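Mind looking over this structure? Questions follow.
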Amino acid sequence: MAKVLMKGNEVIAEAAVHANCKYFFGYPITPQSELVAYMAKRLPEVGGLFLQAESEIAAINMVYGASSAGVRVMTSSSSPGVSLKQEGISYLVGSELPAVIVNVMRGGPGLGSIQPAQSDYFQATKGGGHGDYHIPVLAPASLQEIVDLMHDAFDIADRYRTPVILMADGMLGQMMEPVEFKEKQHVELPEKDWATTGTRGDGGPKIVNSLRLDPKELEEHNRHLQKKYEKIKEKEVRYEMYLAEDADYIVVAYGTVARIVKNAIHKARKEGIKVGLIRPISLWPYPQKPFDETREKVKAYLTVEMSAGQMVEDVRLAVNGKSPVHFYGRTGGMVPSHEEIYAKIMEMVGGES
Amino acid sequence: MAKVLMKGNEVIAEAAVHANCKYFFGYPITPQSELVAYMAKRLPEVGGLFLQAESEIAAINMVYGASSAGVRVMTSSSSPGVSLKQEGISYLVGSELPAVIVNVMRGGPGLGSIQPAQSDYFQATKGGGHGDYHIPVLAPASLQEIVDLMHDAFDIADRYRTPVILMADGMLGQMMEPVEFKEKQHVELPEKDWATTGTRGDGGPKIVNSLRLDPKELEEHNRHLQKKYEKIKEKEVRYEMYLAEDADYIVVAYGTVARIVKNAIHKARKEGIKVGLIRPISLWPYPQKPFDETREKVKAYLTVEMSAGQMVEDVRLAVNGKSPVHFYGRTGGMVPSHEEIYAKIMEMVGGES
Amino acid sequence: MAKVLMKGNEVIAEAAVHANCKYFFGYPITPQSELVAYMAKRLPEVGGLFLQAESEIAAINMVYGASSAGVRVMTSSSSPGVSLKQEGISYLVGSELPAVIVNVMRGGPGLGSIQPAQSDYFQATKGGGHGDYHIPVLAPASLQEIVDLMHDAFDIADRYRTPVILMADGMLGQMMEPVEFKEKQHVELPEKDWATTGTRGDGGPKIVNSLRLDPKELEEHNRHLQKKYEKIKEKEVRYEMYLAEDADYIVVAYGTVARIVKNAIHKARKEGIKVGLIRPISLWPYPQKPFDETREKVKAYLTVEMSAGQMVEDVRLAVNGKSPVHFYGRTGGMVPSHEEIYAKIMEMVGGES
Amino acid sequence: MAKVLMKGNEVIAEAAVHANCKYFFGYPITPQSELVAYMAKRLPEVGGLFLQAESEIAAINMVYGASSAGVRVMTSSSSPGVSLKQEGISYLVGSELPAVIVNVMRGGPGLGSIQPAQSDYFQATKGGGHGDYHIPVLAPASLQEIVDLMHDAFDIADRYRTPVILMADGMLGQMMEPVEFKEKQHVELPEKDWATTGTRGDGGPKIVNSLRLDPKELEEHNRHLQKKYEKIKEKEVRYEMYLAEDADYIVVAYGTVARIVKNAIHKARKEGIKVGLIRPISLWPYPQKPFDETREKVKAYLTVEMSAGQMVEDVRLAVNGKSPVHFYGRTGGMVPSHEEIYAKIMEMVGGES
């Protein structure tokens, strides 16, 4: 299939359709409204269903219902709308229901702005909802990567019976790039024998529920979830290392920010400073390995985020005191330029040399 | 005033009344429903207002409205209900509105159980809502401490114009203990000149809002919030150290779990093992100082939580690789016994000696 | 097609499917829940869509959306649920959208009982919503008649671009009778060129709306609606006359009550009393003709309803003082027996002779 | 107290305060928003409570709650908002709860216009909700009459334990006139011993409910309601007769339209045509007496409404074929001028002479 020039929000939608997502429930919010509009038009063409719910809460609960019936289903929103979904997300986790949730992040807190941000990292990775759980979080940095990761997102969701979050930001949602939709490769996935599609005489009724009033039973369920998370940590870590092998300094960044960081690294390399990049693609499970491989030898890390400092905590946990960890962030919809980042790299070099 | 024997949920309510809280908006959920019922009866007696909202979302938005008008206001819920409030909490933060939010935690995720838990630590301390923010979180361990901390909760809320979370758990909510309500000491607090109580010709209209469409303005606002958080970190850290001075091993625990840990420590001390306790009372800002004072000299830390491991991340960040950090947790409403904790202490001692 | 034995609520559902209804939005309420359950299972089999909305208000607004897109759509409820739909029904009228609304009436007011009643006659025929409008209301008396009238209901809806109400009662919903689903005869209906299915370059955007801020325009629209109502009054009146030709006394009743009345009439005829029946099938437009034909010659009318007296007003308007009009009603879920009705007939005969 | 110049919506609000209404729950909608705004400011001044609910449905259910507690409570809206309240109104009736509901009517159906109308007459008088019930409906024609009728509205509500509707229209809500608030005369009213204000050991719990699952019990309750309605019909009929004694022709009109009709009558009288006015003030119970007194002697009636013809049905029922009944109406926010009405009078005179 040839490359087509598309807008990020539409790529997310079309990638989901290519991943065989047939159901979408959502509510429009800038800067991801094109995604909703695209799905409204596209899903009926593939025999699927789009429904604009009366609120974000209605939408996430419709996702719960559709997923219970064993179909591939997605919802999307932007920051405030994703906050409204937190109870529903915890219910999906408690009932072990696969689903893909897209957050095209905008500046916060509150209504904030409609410009790009990365300030929902904590919410996505630590659990914005209640109870002990983790959600696999995938953070693409380009439109082509969205296409590839969307397949993974749905496969991970189905394989582990878990919601998966795809974290984008307003920049990624609004930009245009050529993308290629390749045919989905066949992936072996467990049968959804738990889906509540009726019994037809083949056994008792199937029940999808997150209520476990007996605390022993709930603890058992939580142990089962934690074991699942161990397996995901083992199998589903994704990251990119870039010019990191010989690096004295490493910048850590994800999503579109990582692309800007690369420009700053190129400039620093021209000046003879050996700087590399660790780009986590899975934000949870967080990639420990690239830090294990580098933390004894680099002089310092610099985390760059469009936030006041959230992922930097995971960097500190991964580095565990073995090397200094610096931070540079912009917030509220402000995007750091490569000049700014370059300046911060040079500051780190000056400070740590 | 003499001591009275009361149930935890009622103590939370009465303490709020003593802290001059006049407005309460909420929705019943086990195990905090007595709190709601108590407020329904009590607030009218002091000229206040109780309103059972039609949902948790309605409740948190009524809190927004009442706080905008400059009054002391509280809401409370238990885990799933608090997840529903995450958007509203982020709005309170974005608009810098004081309020006290009580979470009497129960087992999760999802509907979970109605037994006690501590598994909403991440949600409370890292920000379950969207955007860059922190909320002061206070975690009492006894009913008397609730009374004392509730004054602080409202004072911190008013002083810094921020929501404050009081974290309890089902055990604390349901237990009975004698408490004494002392008269509130006078505390100097800034006037609420921002409250939207009408202009009456003394200047232009006052606006309470979290929308800042210009990203420069929103970033400026975020800087202002971060500066506020630095001040809170400086002034509002609360913790207890117990038998920690000479300790070779330190257990870290908060809330009711810390009380059980003390029993385990007593037993270990009897066996000649020097074990102490760090009990964070403010979960955010997290107490760094007791770790700075101990991390170079203790052999290991053991974090005990009614969760699958949440506060342990803050312990690791505070210790920063200077000493091993172990973890023991129960979930789903199961409460660790002092024997279990003692066994875990001995395991740590065996492992690290 | 052979006759099948079915329950009333299921007949309503299957009849809608036979009338090519592909979309159903509703919320369960006794005594019509089997209808909702049947649709949930049945519609996907014919390529349609069933959605249980989060409330009756959500359901009626989804009907608005689906109808705007030009498809055949139905909702159903029982009395309290239909009250919740009144705003939405007025919006359907204002926007001239076809839809079928089923009310399986139960005893009221308020939550009332779950037993059969006819006490929503005023709401259906006079307009429970705001503004000047009428809705064609069809009231079957048997399960076979439901099958036949359902075709009419959808055809009338489409032909005149109006919501249509099918009035049943709990008795009709719960009873079982053999029914035959004949193939729908082809009926010429206007093309839905107003449906908002996208422009695809063939003209400007289509707008479905009930807001007309210019009062002149709104009055013009109301005149258009009134003209439509005149046409419906001319073409869509339905009623049954039974033993009315030689009658000295006429009983007026609709729905299942009319069936019981027939038994009472047989008994009276055996006693030599010439009693007949007027059974309105369309409750709006109300059948004037059978009254014009009889009001100068009969001695009296008796209206029998499962209500405190609602249709009796339309009987009085139709008779216009030309003959006495008596009333007998039962309420709250109580069904009048044929003995009671016979006794009332004899009372009328005694009084008017 | 001296006369003050006020806007109609504010007069409604202030009159309610004078009638000792302390609670108001509502949601803004043009053309009655000033009423809501006024209450927001005014009620706290008298120790009352204003709450803007999250929807009209929330508002009417808060009215249910407040009324259950025995206080005087009001809600208000305009046409579409009143449709949303229909289920709640039926619940108030079923539970016999006093409350005052204001409808400042605007043009419909659907969103319609924001100009004045009288097209919710059927909804108010015949029962927009489900079940057998009637609601006393008062229709003032001037701002001073609002003040007087508001006392009656609350007294009737309390005396008969029923919701009462005050019907205004956009014209009345927006006009300014001088009004005088006289001190409320003492009226003997039954004690609210049914109010759920707690038992304090003086008997069993009080229950306010509209659910009566036993149909016999529900029918008994309905008989009780009907007896109440008979009493209201006997005691609470209100109307004005104007130049009707010697009239050959009578115009029937209510609210602001009746004021315009008077001008037309003056003009007709100058031409020697003996025309009078019947102005129903209580729309339910509908005044039968002025029709009984006139229907045998006048040549014809003319009903004038800002609707497509709603009250005219009650006029026909009251006249019962004894005299011709004509109709003239404007809709959609169009107000009939006195010239138009004069022309209609002359047309009637020409036709019936």
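Order of writing sets the labels: A, B, C and D. Residues in every chain begin at 1.
In the analysis below, a residue touches a chain if its C-beta (ideal position, glycine included) is under 8 Å from a C-beta of that chain, and two chains touch if they have at least 3 such contacts.
Quick caveat: nothing in here was measured; it's all calculated off a predicted structure.
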Chain whose average C-alpha position is farthest from chain C's own: B
Intercentroid distance (Cα basis), chain D paired with chain C, Å: 29
Distance between chain centroids, defined by C-alpha means - chain A, chain C (Å): 52
Centre distance in Å when chain A and chain D are each reduced to the mean of their C-alpha atoms: 57
In chain A, residues with contacts to at least two other chains: none
Graph class of chain-chain contacts, one of line, ring, star, complete, other: ring
Of chain B, residues touching chain D in the complex: 41, 49, 51-52, 54, 58, 61-62, 65, 198
Residues of chain D touching chain C in the complex: 57, 79-84, 86-87, 90-95, 105, 107-115, 117, 119-120, 122-123, 126-133, 209-223, 225-226, 307-310, 313, 316-317, 320-322, 330-334
